Amino acid sequence: MSQAAVEHAPEHYRSTSLPDPKLMMWIFLASDCMFFGTLIGTYLVYKNRSLEGPFPVDVLDIPITTVSSFVLLMSSFLMVLALHALRTDNIPRFRLWTFGVAFFGSVFLGFQVFEFSTFVKEGLTLQQNLFGTTFFTLTGTHGIHVTIGVLWMLSILITSYVRPMSSKDALYLEVAGLYWHFVDIVWIVIFTVIYLVEFV
Amino acid sequence: MAVGRQPARPVSEVKLLARPTWTRGLLSWLTTVDHKRLGILYILASFFFMGLASIEAFLIRLQLTRPGLSIVSPDVYNQLFTMHGVTMVFLAIMPLGIGFANYFMPLMIGARDLAFPRLNAFGFWVYFLGAILLYTSFFFGGAPDVGWFAYSPLTSLSNNPGTGTDYYMVGLFIGGIGTLVTGMNFIVTIINMRAPGMTLMRMPVFVWMILVTAFLIVFAFPPLTIALFQVIMDRSFGTLFYEPAGGGMAILWQHLFWIFGHPEVYIIVLPAFGAISEIIPTFSRKPLFGYPIVILSGIFIGFMGFAVWTHHMFTTGLGPVVNTAFALTTFVIGVPTGLKVFNWMATIWGGRVQFTTAMLFAISFLVTFTIGGITGIMLAMPPFDALVQDSYFVVAHFHYAMGGGALLSFLAATYYWFPKMTGKMLSETLGKWVFWLVAGGFYLIFFPQHFNGLAGMPRRIQTYPEGLGFEFWNVISTIGTFVMAVGILLLLYSVILAFARGEPAGNDPWDGRTLEWSISSPPPYYNFDEMPVVNDRDAFWAQKYPESVHAKPVEEEFEEHGIHIPGQSWYPVIMAGALFIGGYALIYNNWWLGILMFAVIVIGSYGWAFEGIGGHHIHPEEKEA
Amino acid sequence: MSHDHKGSSVGAYTFIALVLGVITYIEFAIIQYEVAWLNAAWTIITLVVLSVGKFILVVAFFMHLKDDEQTYTGFFSIGMVFALGTFIVLAFLFSIRSVSSVWARSERTPVEVQASSEHPEEAKPHHELHGIPEHLQASIESEGYSRPLAEIFDTARPKNQALSIAVPVARTTQSFTVSEAPPLFALAGQDGVPVEETPAIEVSAQTETAQGFDTELGGQVYSGNCAGCHQVNGQGIPGAFPPLAQNLPILYQADGGREYLVNVLLYGLQGPIEALGQSYNGIMPAWAQLGDDEIAAVLNHVLTSWDNVTLLDEFAPILVEEVATARSTNLSSAQVLELRNALDLP
Amino acid sequence: MVRWIFRVAALFGLSAALSSCVFQGSDGPQSVLHPAGPVAQEQIDLFLWTYYLSWIVVVAVGGVLIYSALRFRRRPGDDSIPPQVHGNTTLEIAWTAIPVLLVIAVAIPTVRTLWRTEAFAEPKEQDIVVNVTGHQWWWRFEYPELGIVTANELHVPVGRRVILNMTSADVLHSFWPMKLAGKRDLIPNQNNQLWFIADESGVYLGQCAELCLGAHAYMRFRVIAEEEADFEIWKGKFQDLQVQQVQADPLIEQGRLLFTQKGCATCHTIDGYAEDYSIGKPNFPDLTNFGLRLTVPAGWADNTPENLAAWLRDPQEIKPGNRMPTLWAESDPNREEEIDALVAYLLSLGRDDQQQAQASVQHLGVGGNHGSR
């Protein structure tokens, strides 16, 4: 029996053409649907059941949230551009757009921090009422997802300086991208269900 | 389906910790990523926790033997039945199924490991350490005492100021993460790593059931995880999710828990179905009757598992509309379950049935599960459920369905697969004794509980007054525990005996039908010398007796460039350890420790990501040399 | 890779992004500038349709599901279907539940039904007690459901002290208690931050020894007469019997508190009081049948037990003479309550 | 072959016989198999229907299983390979029909019974409405229309519908009067309804069926179904309550004073204890007319002077985990004397004389057997 240290990456036999990491990510996202489904479901169940204020209509700020939603949507747009750039081996563009994604994500997080601190100033804390409890938990969990995404993007960006990247590595950016877009679509749902519908 | 090749993983190594290369010794087990070793770890851990849960059950039964006993105080009693339930469901039977799947699913589909070996190791260590965390509660202020479904508001800080509930929430939260990643890993493995020719409809039923189970895990655990998280938030940060005084609704916890909880029943029992679907054909020397029907009904059961959750809540006043709807969906599940039983019986019909211990357990499973199913249908009738919900009738029912169903079939699986895992045969003579003691003891314990339930004995009471008609059957039930305990001890002895001087098993002691029997016992670490090529259902049978199944040769072509054995890694156990310690930080609200562990996890995930490919290549064609 | 160039072009991406932006603006506009011809139902439908549109655009084009392997779409759809199905059903269950519970609630408290629909903040469920004398209602109000939140979260949790299984690590000693843990989003001095700062309990090395009072007698009197309600550990029973531990030093140090304590024992106390943030409305019987020495001894006992003495700036034992003096005043329990209310308690 | 069929048949005959023995034997006071009201009757009838159906299934499945396992067992030396049958579509369709039919046969009566027993009951004039509140670990019963508040013992008139509006003051409880109706959970912030009718007079046992920690096992109750006249008498005791001034019997008078001195009054209400009496909490059991109670505490033991004294002496001994304080230190020299006085006082409440209560128990025809559980 001969054993050789691995010098080149081995190719495995696979019964489908679906890359493992990408398949994994999709399954994770399917699972994440249930995570956010539970959080949003809890929010809906407790909607209008807070015993004392501040109530959603007192604190939610539609114009600001619209801007932050737009920022997050555009980060998604930059994400596909980055992937496209990497696939076409346009590394400078890829770096630019990846940085853009991380930057826009950070801007979104900045909006969220601003929003949270405003709410706290207006008397809405985690412990104040059911709205505070469910709202902060839901948007906070989403914020943590965004944070992880930003860190992921920055990691990819830094990696691209440490070692050369090419279109062969597109899969890993694509997987990160899937995650990023998912965070985006969750926000689309949150924006509608929590923010907009409240003011109908 | 097209055959693809995985793109190369980028080779960029930032080595914080070198990939370990031990092949034996404790450290090799700690850092292993081999699915077989992890499977054995899962099975051993499951049996260990099952032993603990049995001791708890034993104390419960002793306490209930006679009215008015005080062998354990009410508080300790509450802890005992809570830990018994939690352990059996989360730490023993479910991981046992996962363990068998871990060991045999790759072998059955002709794979050399799971798709993500390190993630698999991570899954195990997280489960194991989560379980340990849960059990340390006994030493730090008392175990959880809120029942295995921990109904709010019993779990709120005002009603339960001790740390037991925190241990429950955090322990299951951590353990749940492990199960979740393992479920995802299983799906990718089954989709992507089947041997050439192993189409979906040629997969062994066990693999199919594991696939369904994995999907159930992936979709059912998130609601539980979030619900646990909400209670942790309530207890650590003073949120109001389940605080009635703040408007929180206790009933929401029940919904979220059972949205998870009912699929959990199938997460436990579907692998058991799968194992039975392998054992019965093997010992009948016939293929499984109605293969597509068994699989479809498994999928259907899994799907419907998400649509029946409020049948655990018929008495919570949901109203007749909801109760009707969920009673009907529950009845519907009876149909595919019945179909499965019929198909198993039809498999026996016309076969050459060999009464090995495994087969005896399998047959007893059929009977037991049928009884459990029938009482299940009874309990699905909301009016009757109102009469006996939370009584010993329910206790008897779910022990027949989950305890009898899953446990008996996993004992069958143990007898069936033990030779493959160890290369030694378990004594059949002792095995018959084990069977009659365990199955007999089981019936002695749990059948009378139906009667006690009908006599009006509620579950979870530490004692009961005399004269209510509970006395006789409680004594019988306790006697049963002794019988079953003897059986289990005998099994233990039998295992030791097998290691000491068991007969060598050979590759294929049962004349098996699936691929795991085509390789040596125990299997080599690389599983298959060369990638098996599958040309029929029951792949190994078709290789052995091609004329009996008119097997057609496979059309898929492939070439193999040597076998890559994934390298061991420190990171799974480090990350799991960080989660474990972080769990204590969460329980005691020690944020500095929490931040520290969080940092370890962040650094660990970078180390994990940039660890490099590791492992080594072997070339099977040179193996003989 | 085969699907490398399956994705759309940059132009297409830009177009999609533009559409997404426009949809977001439309959503914003619908809410911000009231559209006269859209009623509430149609607004919600429009919003849902628009956001579903955004969702599908992102999923189909940005996540490439439109051109990618169907397996991904399948898996993701299963997740979405399960999540949507489960939680729509869940929300539905709660909505029909609330219908029937409003119905049922009208049985108990007809007033609340209207309140719950109009002003959610007033829908706080409380026990309307039928057939209870009017004057009992007040004490009922202070109990159970109607306890204000702050009260519930700022007071020590009642712990079931009845059974003793070994509890070596109490939550309070090992770590933060919840009220001590800073709320995640609260700023100092705001709601949720514990108002009362419980003084740190430090086990003092020099335990106060008997200084001119009879410790043994005090202990006997206490266990014979007081421990039934105030408990051996001086913690009382939350909601029923006020604690003596940590509470007495506060009373003692208040101006006139010393005399008040003597009077409580001699003449009893009845009516609503607050102790350590929890309200009580009970009765303290008069203990005039005890001798002056017994009353003095038990007072000194409770003031020095359970680390109480460490909370006192200075402590002079209560004298038998003081009790004798107080005995001559002949107060009623109502007057004692007035005395208490007159105390300048923190 | 025939021999085996006989054996299998004998086996099932035996188990069926055994099982019916069990049914015969299960006539305990909490057995759901012998209901005392139409609601429980319908519920158990549904069970019995399914139970008989299930015997068909068990016999069929078990019979075929055992028969085929024995008939097709491998004989020694037989290494032949049986025909590798993969399935049979006709058969599959046929036996899909079997569970479908069975399920339909169960579903139809289920839905019918469900709507008859669980549909929301609108209170009519002759109905008795009771607000039930679950507490750790006792029950509060309020009759809003009658102005009665009591604990742990629910008096209802025979033949009239009793509608319970239920909620909980702390954790979940479940009200389970098994002879009269199935259980319903008591949930904070939620009002649940349960209704039943008692067909005959008698004392019916019940118990909390949802884990509520501590003294959960001891959280029992009684439903006392009385003829209309007796119910009126009971009602009258509450509605025409006399304020009890100083009692003639010195022992009872001592107990009356001790009731406040020992702090009992801080938690427990006794209506008519004194003028302008304004203490006692709704979160603790109401002791008005305590002498009429059959049991102490919360349906655990007969309300005899001995049991009551034992309960007062050491509540944790009788009902571990409960919240009643121990009022006397072990060494207290006055303990027994004061307990006697309190017992005398409490048992005098609502009773015209000592014998009357006993008589009323006898009159209900429950004797010590059921009452003592």
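We just call them A, B, C and D in the order they show up, numbering each chain from 1.
Operating definition for what follows: contacts are C-beta pairs under 8 Å (C-beta built on N, C-alpha and C of every residue); 3 or more make two chains touch, one makes a residue touch a chain.
As the structure is a prediction and not an experimental result, all values here were calculated from the model.
Novice: Is the C-beta contact count larger for B-C or for C-D?
Specialist: Most C-beta pairs in contact, of the two: C-D.
Novice: Distance between chain B and chain C based on Cα centroids, please, to the nearest Å.
Specialist: Taking the average C-alpha coordinate of chain B and of chain C, the gap between them is 39 Å.
Novice: Counting only Cα atoms for the centres, state how far chain A is from chain D in Å.
Specialist: 53
Novice: Taking each chain's centre as its mean C-alpha position, how far apart are chain C and chain D in Å?
Specialist: About 33 Å separates the centre of chain C from that of chain D.
Novice: Report the inter-centroid distance (CA atoms only) between chain A and chain C in whole Å.
Specialist: Comparing mean C-alpha positions, chain C is 35 Å from chain A.
Novice: For chain D, write out the residues touching at least two other chains, lowest number first.
Specialist: 120, 188-190, 192-193, 213-214, 320-321 - these are the residues of chain D that touch more than one other chain.
Novice: By residue number and range, which residues of chain B touch two or more other chains?
Specialist: In chain B, residues 7, 73-75, 191, 218-219, 223, 237-238, 244, 246-249, 251-252, 259, 317, 319 touch at least two other chains, as defined above.
Novice: Which positions in chain C touch two or more other chains at once?
Specialist: 1, 71, 78-79, 82, 86, 90, 94, 97, 100, 124, 145, 149, 153, 163, 183-184, 192
Novice: For this assembly, give the contact graph shape among line, ring, star, complete and other.
Specialist: The chain contacts form none of line, ring, star or complete graph.
Novice: Flag every residue of chain C that touches chain A in the complex, lowest number first.
Specialist: Touch residues, chain C against chain A: 1-2, 4-5, 7, 10, 13-14, 16-17, 20-21, 24-25, 27-28, 30-32, 40, 43-44, 47-48, 50-51, 54-55, 58-59, 61-63, 69, 71-72, 75-76, 78-80, 82-84, 86-87, 90-91, 94, 120-121, 123-124, 149, 153, 183-187, 190-192.
Novice: Could you pull out which chain D residues touch chain B in their complex?
Specialist: Its residues touching chain B are 22, 25-33, 40, 42-44, 46-47, 50-51, 54, 57-58, 61-62, 64-65, 68-69, 72-74, 78, 80-88, 91-92, 95-96, 98-100, 102-103, 106-107, 110-111, 113-115, 117-120, 170-172, 174, 176, 178, 181-185, 187-190, 192-193, 205, 207-217, 300, 320-321, 369, 372-373.
Novice: Which residues of chain D touch chain C in the complex?
Specialist: Residue list for chain D touching chain C: 120, 123, 129, 131, 133, 142-149, 163, 165, 167, 169, 188-193, 213-214, 260-263, 265-267, 269, 271, 276, 278-284, 316, 320-323, 325-329, 331-332, 334.
Novice: Of all residues in chain B, which touch chain D in the complex?
Specialist: 70, 73-75, 78, 145-147, 151, 153-154, 159-160, 244, 247-251, 284-287, 289-293, 315-317, 319-320, 323-324, 327-328, 331-332, 334-335, 337-339, 341-343, 345-346, 348-355, 363, 366-367, 370-371, 374, 377-378, 380-391, 451, 454-470, 537, 545, 548-549
Novice: Touching residues of chain C toward chain D in the complex: what are they?
Specialist: Listed in rising order, the residues are 97, 100-101, 103-105, 107-108, 125, 127, 129-133, 135-136, 139-140, 143-145, 160, 162-163, 223-224, 227-229, 231, 237, 239-241, 270, 281-285.
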